[in-house]
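What follows is a pair of complexes built around chain A, which joins chain B in one and chain C in the other.
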Partner chain A sequence: MSELVTLLVQATAILGGLGLAVGVMLVVASKKFKVETNPLVDEIVEVLPGANCGACGYAGCADFAERVVNEGAPINGCPVGGFDVAKEIGGILGQEVVEGEEQYPFVRCNGGLNCVDRFDYVGFEDCKAVMMLSDGEKGCNYGCMGRGTCVRACPFGALSIGEDRLPHVNKNLCTSCGLCIASCPNDILVFAKETEKVHVLCMSHDKGKAVKESCTVGCIGCKICEKSCPEEAIKVTNFLAEIDQEKCTACGLCVEKCPQNSISIR
Partner chain B sequence: MEIKKLETLPEKVIIPLRQHRGAVCEPLVKKGDRVLIGQKIGGSAEYQSSAVHSSVCGEVIAIEEAAHPDGNKVMSVIIQPEDSNESVAFSACKDVKPDKLAEFIKESGIVEHYGMPTHTVLRPKGKKIDTVLINATSSEWIGGTFKTPDDYAFQMIDALKLLMKAAGAKKGAIVLRTDDKESIDAFEGIEVDKKKLKVAPLIGSRNVGYYFNEQNSDIVIVSQERIFGKKILNFFTYRVTGRKVKIGCDPTDAGVAVCGIRSAKALYDAVHEGTPFYDTVISVEGVSNKMEYLFVRIGTTFKDVIDSYGYTGEIGKIIANGVRTGVAQYTDQVPVTKGTTRISIQKPEEVIRGESIECIHCARCVDVCPVELIPSRLAVMADQGRFDECRQIHVENCIECGDCAAVCPSKIHILQLIRYAKDAIEMAYEDMPEKESSNLKLGCGCGGE
Partner chain C sequence: MAEDALFSIFMDGLFINNFLLIQFLGLCSFVGVTKDVKSATGMSGAVVFVMAMASTVSYLLYTYILVPTKMEFLDLISFIVVIAALVQLVEFVVRKQIPSLYRSLGIYLPLITTNCAVLGAVLLNESSGYNFAQSVVFGTSAGLGYTIVMLMMAGIRERSTFVNIPSSIRGLPQAFFIATMLSLAFVNYFWVIPI
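So, the complex of A and B:
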């Protein structure tokens, strides 16, 4: 009986001692090797949407928060959260936030049904897949294929291919993440600010004759807009008109003058 | 086999300045120039390129971008022919030195039908070729201008020797198709270096290496079943020589050069008659049951070929290079190029426009796949953009034969999806800097480029 008691006492003593020693070690280690985390980072992570979509250009929400605190990344860098989140981050960091201009993807092609099809495509519905065959079914090599690669790329369902076979952006759903812009194989989609009113709805660098053959609304590089613009904001380079949005006053003269109706004002 | 010669003078010939994979040639003529048959009209200083010659005598009416049977537009020389057979003086050059032969092949414009310039196959940079194969398994166009079957056999063996000389290879083989009696009869009992050769079938591990030993000869003639597809070279090399070609590599990495009958014949003609590669034999099929072989000049438009085939009705679809893996043409104003082997014509009512529906998991595609892939799974993954997973189940091994898409009862465009995935994988790894990609490199894994 007494043997058993000694054994019990011994075991308790050894285990208890071990526990105490390891406990002390842990306390020392946690004091000594403490990782300094900035409480601000955690606070910012709290207010971010938490989708980890990567649209900001960093490896997720936590990474973005860290960069904002430590490396001075722009506090309005989260396109999904938008102005509200930027304001909250600004509150945490004590910075003033000015509401930036909203920008949405903009389709720089008005081809669609106005553009001639060279052949009848039957196959996998994807712009890149169509373009693997003979540079696409359209008569124009620069235009929108209208097969919806951008629609499939959009995680928020903000894009749709309309009756005119061109993508349309639903601004209520769009978060300006830019995934559609990255997915477009012909670079038709670009970000356009709401204040930029006048746009050339064509990307074709083909010569006038070739454009006329394939599309009824394509830019033929006639330079009428360039001559008519009072602000000298339009320049035709390589058979395509480009508008300098800084100079443009949205007077609408070029829209009236364009013989192909390829410039639009909104 | 009967070969019809295309006699009628075409209205215009379109000669693309790129009929190979590689650099586009610079035009050496200008609008208004008069050119002769066989005159060099395009050349490039790049190694990965091949010269282009005029196939007719006439006047250059334009140098502009024109449709190419591959689908894209390519800078082309458009010539209005005149009724004359005036040609540049051809002189046989039988004593070309082995080291000059590659340059000679490039200047003669000889190109493999799968696109590579022949000299780059025989003398790839930084690689050593020890075996040359002539693939005669899909020999619809063998007829050429051979007078007798014996003539064909002798010319082929002579061409093989030339190819071996150009590559500096010791061994060479001609691969025939098992059910191609005509060619087998032609080669049976032929004498090479005073040794009688037998046409030997490739069975199991008895590959060409075995027959080199057994027949104690550096040149053997073997036969095997037809392999069909667009990217068969690696698979073909494995079947014939037993050498495995790693993913992302080509047969030259295994020391094997695969040439076609067409380039072999072109080389024979270039050496013995001095004529560059400006005419070829293509087959035309469809509409009626007959298949016709036509001897045409390169640059003849498909329209002229179809006219001489004798079909005047409405055309639904024209397909270049075979109905399964070929490219459908959107216009008949495309030229026959060095890579065109066959033109298929379909009537409007023959054109199938099946819309694909959901996969029913019947696994017929898995059954027919000659390289034992799982096409149904690859198609789903490609559709969803999961290209890395496609790689994990070896999408690169696909030989693009099109069997899977042909048997699919749901009419899913499996081959197109697989090609799409392959293309996307190539694009994804294209821009990756060397250092970062060292352990994820897509290219050849066996040292070569």
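So, the complex of A and C:
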């Protein structure tokens, strides 16, 4: 009996002593490596979407929350969360929020099947890989290659390549995180505000003749739109029409006049 | 070369009995944290530290406290306490010094506590009857062997995102295919052909 008691005492002493030593060490370490956190930061992280997409320009949701609290980053800086999240952050920090305009990725190329191929590409089905082979198979070096790099970049499944070999944005799923825009090797995707109605669906700076040879819907820089616009909102620079969205009234004259149908109104 | 020479033990932990590919220990982080090289490096660093320290501390604990008091049956629980404490320590340090790594490792950092590779190294030390130097060398080399395989896996997985494969095997199944190939190489080089 006494042997059993001795064993019990010994086992308890060893494990207890071990626990004590470990506990003391961890207390010291936790004091030494203490991370100062503002409780507000954790609260903001809670209301953020948590996708860590980086569209706010910071390293992730936690980083964004920290900048908002400590460095005065804009509380509506999260494009994924949008107005709702901004309101919640405003509630935590006691700040008023102004609603920003919604913006979605916009495909600035209408080439797709309208654009001729210079050769048959066989290889990795990825725009970046296609680009590596003499700037891609398309006759136009500025256009969409339709291999869906943006589709795979989207964590929300909002993009798809349509029948026309061009990406299409599903606005119901899109969170405006900007990952697709960052992924496109040709910068075809741009953010467009919902209030911006008229767009030039071409990015080509090639001369008119070269565009006509490769694509049936490309901007040839003919300046008809520039002359037709009553608001002088369109300017052709370097063989490509650009619309000043501040001046544009969406009258649709340029859309009718364009001989290549490369301007669209929505 | 003598079986118990330090270099022989080092090579044993590094390649011949590689924890990930030959003994299949600690596989959750092998698949979980090898999406990119950066987090694989961080994870491997943490594991090397914990394995080396755990081998050292548990050898001292076993030889100088448990054996003299005839309390060998307490080996498992006391080793686990030692490992858990070390992991806790690593977590403090990583969280303070490299917050981005802390976030990318996520659940896998605290899971080193129950990582069978770490406890496996400690228990193998004990059952092989290694002395102090041998234990430390074996623990360190096992950690380094883990690192080598983690980095190979992460490098291959990072590059293979370009490869056009059926969507049904993209992601985790693809990782297992890569693991199979790596394991074949390791088994054939270091197990079938003795060095």
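One rule holds for everything that comes next: the second predicted complex is superposed on the first by the 229 of 266 C-alpha atoms of A that agree within 3 Å, B and C clash if a C-alpha of one lies under 4 Å from a C-alpha of the other, contacts with A are read in each partner's own complex, and residues count from 1 in each chain.
Operating definition for what follows: a contact is a pair of C-beta atoms (placed from the backbone, for glycine too) under 8 Å apart; a residue touches a chain by one contact, two chains touch by 3 or more.
Because the structure is predicted, anything quoted here is derived from the model rather than measured.
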For A:Leu8, is the partner it touches chain B (first), chain C (second), both, or none of the two (neither)?
-> neither
Touching A:Val24, do we find chain B (first), chain C (second), both, or neither?
-> neither
May I ask you to decide whether A:Phe124 touches chain B, chain C, both, or neither, giving the answer as first, second, both or neither?
-> both
Name the contact category of A:Met132: first (chain B only), second (chain C only), both, or neither.
-> first
Applying the touch criterion given at the start, work out whether A:Gly60 contacts chain B, chain C, both or neither, answering first, second, both or neither.
-> second
Partner, of chain C and chain B, that touches more residues belonging to chain A = C
A:Ala182 contacts which: chain B (first), chain C (second), both, neither?
-> neither
Chain B/chain C common contact set on chain A = 124, 126, 128-129
Flag every residue of chain A that touches chain B in the complex, lowest number first.
-> 118-120, 122-124, 126, 128-129, 132-135
Residues on chain A engaged by chain C in the complex (per definition of touch) | 10-11, 14-15, 18-19, 22, 25-26, 29-30, 32-35, 52, 59-60, 62, 124-126, 128-129
Considering the complex alone, what residue numbers of chain C touch chain A?
-> 61, 65-66, 69, 71, 74, 77-78, 81-82, 85, 88-89, 92-93, 95-96, 99-100, 103, 162-164
Within the complex, which stretch of chain B touches chain A?
-> 71-73, 327-328, 330-331, 353-355, 383, 413, 416-417, 419-420, 423-424
